[in-house]
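Look at the two complexes coming up: chain A is in both, with chain B in one and chain C in the other.
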Partner chain A sequence: MQALLHAIVEPGFFADGAVQIAATLGGVVAVVAGLIGVFTVIRSQAFAGHALSDIGSAGGSSAYLAGVAPLWGFVGISVLAAAAMEQIGVQRARGRDVATGIVLGVGFALASLFLYLGMTYHNSSGEIPTILFGSVFTLSAANLPLVIGLGAVALLTTLTLYRPLLLASVSPELAAARGVHVRVVGAAYLFALAITVALCDLTIGAILSTALLVGPAAAALRLTDRPHRAALLAAGISLACTWLGLLLAWDSFYWPPLRHGWPVSFFIVTLVLAAYLAAGALARGQTKRG
Partner chain B sequence: MELAQPPTAPLSDGGAATTDRVLQLAGVTVDLGGRRILDDVSFSLRAGELTGLIGSNGAGKTTLLRVILGLLAPTRGAVTVAGPDPRHSVGYVPQKFMLDPDLPVRARDLVALGIDGHHLGVARPSRERRERVTRMLDAVGAGRFADTRVGRLSGGEQQRVLIAHALISHPRLLLLDEPLANLDLRSAREAVDLLARIAREQRIAVMISAHEMNALLPVMDRVVYLAEGRAACGPADEVVRADVLSRLYGHRVEVIRAGERVLVVAGEGDDAEPSHPHHHDSEER
Partner chain C sequence: MFSGFMVNAWIVASLAAVVGGAVGFFVVMRGASFVAHAIPNGSFAGAAGAALVGASTLAGLGVFSVGGALGIGLLGRRSRRDVATALTLVFMLGLGALFLSFSAENSEAAYSLLFGEVLGISSNEIGPTLVLSALGLLMLGLLWRPLLLDSVLPGRAPGRRTLAIELAFLLLVAITTTMTVPVVGTTLIFTLMIAPAASARALTARPGLALLLSAAIALMTVWGAIALSYTTNWPVGFFVGSLGACAYALSRVAHWSSGG
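After this line comes the complex of A and B, so read on.
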């Protein structure tokens, strides 16, 4: 029995300090991403979220170049990029895609420059995979207050805007006729989205962070037709994928190549995909029976 | 411009009718991008009446609705909506409403957003709130699909839900932009009957924009006819006349009555603007 348990959970998993920090940071980020992500999916802004996360690589690499904590770089660039997207014309569907695409390209261009300069000045290339693909086990506990603070700002913004945001997502015209300032509401949500993306950049990397933002939300929206239930469900799915991903990554230390461990983000994102597919199968089963 | 005034003068009859006046437009003029979209439009709407806002595409109907909703400020003129809170005295059903079928919003959720969708925060659920939404859905004949996602309903069903969304906050004026444009004949007839009933029973002013007036003729109390940015207003049989509409268009038009139907066509031998026929029957779209 104990052998089986050890095969599933390698000894030392729960006692390890790095695991505890990773589980706490990853858990907070997962919950925020799940809750905020539901509106990203409802508003069809997955592409905007993806662009913000890719641009995060420029933020992370500039922080690396300047020698400051990467989270500051992620947040700074993400909020700036969100402001740029809003200015170019995020309120129109077509303008939104074009604006997002332009900002995305600039983000990658900057990232390539900063990473090159960073490698040259710091004489190491070890930071590159961390910025692009995350490395939650290497994060220090010092990140925790800022992560919780930023997560709270994003959540409070979205919760405050809940009703007008939902109405504007259904129809900007209906919302405007009721006196909702549709553009202000959209911009405020984009700000919350930018912060959330920055948090995901930190834990699972700039390239992969949209998966955590959009995947659990999309899975939850297949299972329920109420936005608030979907938000809670998405937070649960996101948290489960993150924690299970940590566990699998810890176990993979004993998989080939021995004593290296597979990237955590690989497991988290794969689990998110599995959850999305499972939700689809479950939803189809429900409609067949119902 | 005398045509901006109603051909008859029923608006200044004072007394009880004046207190029922829920909307008044006085000399509303709108210029957009150097073009005059509305030119000195004046009329008023009274509670309990159904008014057709008739005009061809591009006549300025949607612009006029946007002005009434307060989404567009007129270049000149005044819009007065009765009531202490004008913004929320007007219910609105937009044109061509097609929602994403995957949107996680049920018909009853959209109607609930009609109560307080503009307020911040999350709504506190209560039995009273739920029952109010259910009663509203039943009243517009949408009770059957209260728990279906709005995006999965047909055009006519979505429209009923939107009417419930607009009505639940007890507006004094209900505006609908081309509500009949995408409906089959039977659904259009049902929608018109429902809207006429709402106007009478709830004592609110209902204004329906349409490029084709025939579906509205049996029920509408008054017409606001828009052409060339100008408006003529009054009972249908006083407005939809060759002399009135010819003055409105600025050239000769004829009004042809064929059974129950009315057609407005460019007059024969019209040498004022021969290259500009006005053809207003149901084939317009």
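After this line comes the complex of A and C, so read on.
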């Protein structure tokens, strides 16, 4: 039994400080992303969510260039970009695809410039992979209160608006008829999304931010139609993928090529995709039987 | 600016712009900006993988962009397309992170892959680019009517036919990606596909004219970007992105002032 356990969990996993911090921070972010993500999927805003996280990388690089703490760059740019998308027309189904694309293009253009200037004046090209891909294992415990605080703001915004937001997401016309300010509710949600994405960017990187926002929520929505059940399920899947990914990354240190761990993001993304495919197979099996 | 090695850059970039602008017309018509962003961005993994096994970058980009196109087309068949696109994209990026961690790829090379490096285009890239652009334009010509019909009135054709049209469209995006990455970089190709086409659509409602206009605006964007990049030494991607956004803003102003 002991030997089997050691084969699955390489010794030292639970005792390692970096792992403990990564598991705590990653866990908090995973739960927030899973909960918020259900609305992202219902509202078909996966592109907006992804665009915000990519634009966040522009904020991160500009903050790095200016010597400010990256968090404020991430949060500031994400909220700014969300406002720009809202303004150009993210709410209208027809215009929002192009609106998101144009805002994302400007964000990337700025990112490329800032990274270039950073490379030229700070001679620091090593930052690029970290900004783009993130690394959970390099986080410090000092971030924890901030991460929890921002996560709470995003969750509270969504929870306060839960019912009108749900109605406005499923049927905007019906919501408007019932006196819901559809546009205000949509803008408030976009704000919560921007904060969540900035949080994810900072802690787990831009790739995982999209993966955890969209994947678990989409998988949960394949399994159940009830929004609150889907939200809890999504948070669970997201947390499981993150922790399992951390464990595999820790184990991979002993896989070939030796003494060179595989990136955490690869494991988490693969697990999220597997969960989504499994949920689809499960749902199909249920409809066949039922 | 037009001497020696820069000639290659001008030729390759012009071909990429014309095909990108033309394919972009359908990207905007079909509301497929996310796809046009996901396929090039994910193909980054292909370049990283090619560097790892010692294959040519172009082959790696081709394999991964076609793979991404198929993944999006098949995953999105019976579920939400934006979710399928997002998951395909993040999976390819995850693979890219893995390849990058295995290879000793320096980040200067990664940077030029992400944001473009005009000066790095060699004359032996002209051949493949010519073939790919001919292929892309030929496909576009053959599929013009069915693709246009399916984009304006989605869901009219029988299910199997719709899937075939969708896959053909995704392959077009993949071809454009493969030939454009060396010039503009993976992150800003989609601007080249979206901004000129969205500007053209704001200026005219006629499909044929909009397609030509889109290709022309893309060409001007790329030419301007290369010239500016050459003189300032700033990244091409920055100028492609900003010029594209400017073109879009101008076309919106023109559209608005003409009372449309």
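In this text, the second predicted complex is superposed on the first by the 287 of 290 C-alpha atoms of A that agree within 3 Å, B and C clash if a C-alpha of one lies under 4 Å from a C-alpha of the other, contacts with A are read in each partner's own complex, and residues count from 1 in each chain.
Basically, a contact is a pair of C-beta atoms (placed from the backbone, for glycine too) under 8 Å apart; a residue touches a chain by one contact, two chains touch by 3 or more.
What you see is a predicted model, and the numbers here were worked out from it, not measured in a lab.
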Would you sort A:161 into first (chain B), second (chain C), both or neither based on which partner it touches?
first
Using the superposition described at the top, determine whether chain B or chain C touches more residues of chain A.
C
Touching A:228, do we find chain B (first), chain C (second), both, or neither?
first
If we overlay the two complexes on their shared chain A, which of chain B and chain C does A:178 touch? Say first, second, both or neither.
first
A:115 in the overlay: touching chain B, chain C, both, or neither? Say first, second, both or neither.
second
Can A:253 be said to touch chain B (first), chain C (second), both, or neither?
neither
Using the superposition on A, tell me which residues of chain A are in contact with chain B and, in the other complex, with chain C.
44
Could you pull out which chain C residues touch chain A in their complex?
28, 31-34, 36-37, 78-80, 82-83, 85-87, 89-91, 93-95, 97-98, 100-102, 106-108, 110-111, 114-115, 185, 187-188, 190-191, 194-195, 198, 234-235, 237-242, 244-245, 248
Footprint of chain C on chain A - complex, ascending
41, 44-47, 49-51, 94, 97-98, 100-102, 104-106, 108-113, 115-116, 119, 125-126, 128-129, 132-133, 207-208, 210-211, 214-215, 218, 222, 257, 260, 262-263, 265-266, 268-270, 272-273, 276, 280
Which part of chain B faces chain A closely enough to touch in the complex?
69-71, 87-88, 90, 92, 94, 97, 99-100, 102-106, 109-110, 113, 116-123, 149-150, 162, 165
Sites on chain A touched by chain B in the complex:
42, 44, 159-164, 166-167, 169-171, 173-180, 221, 224-228, 230
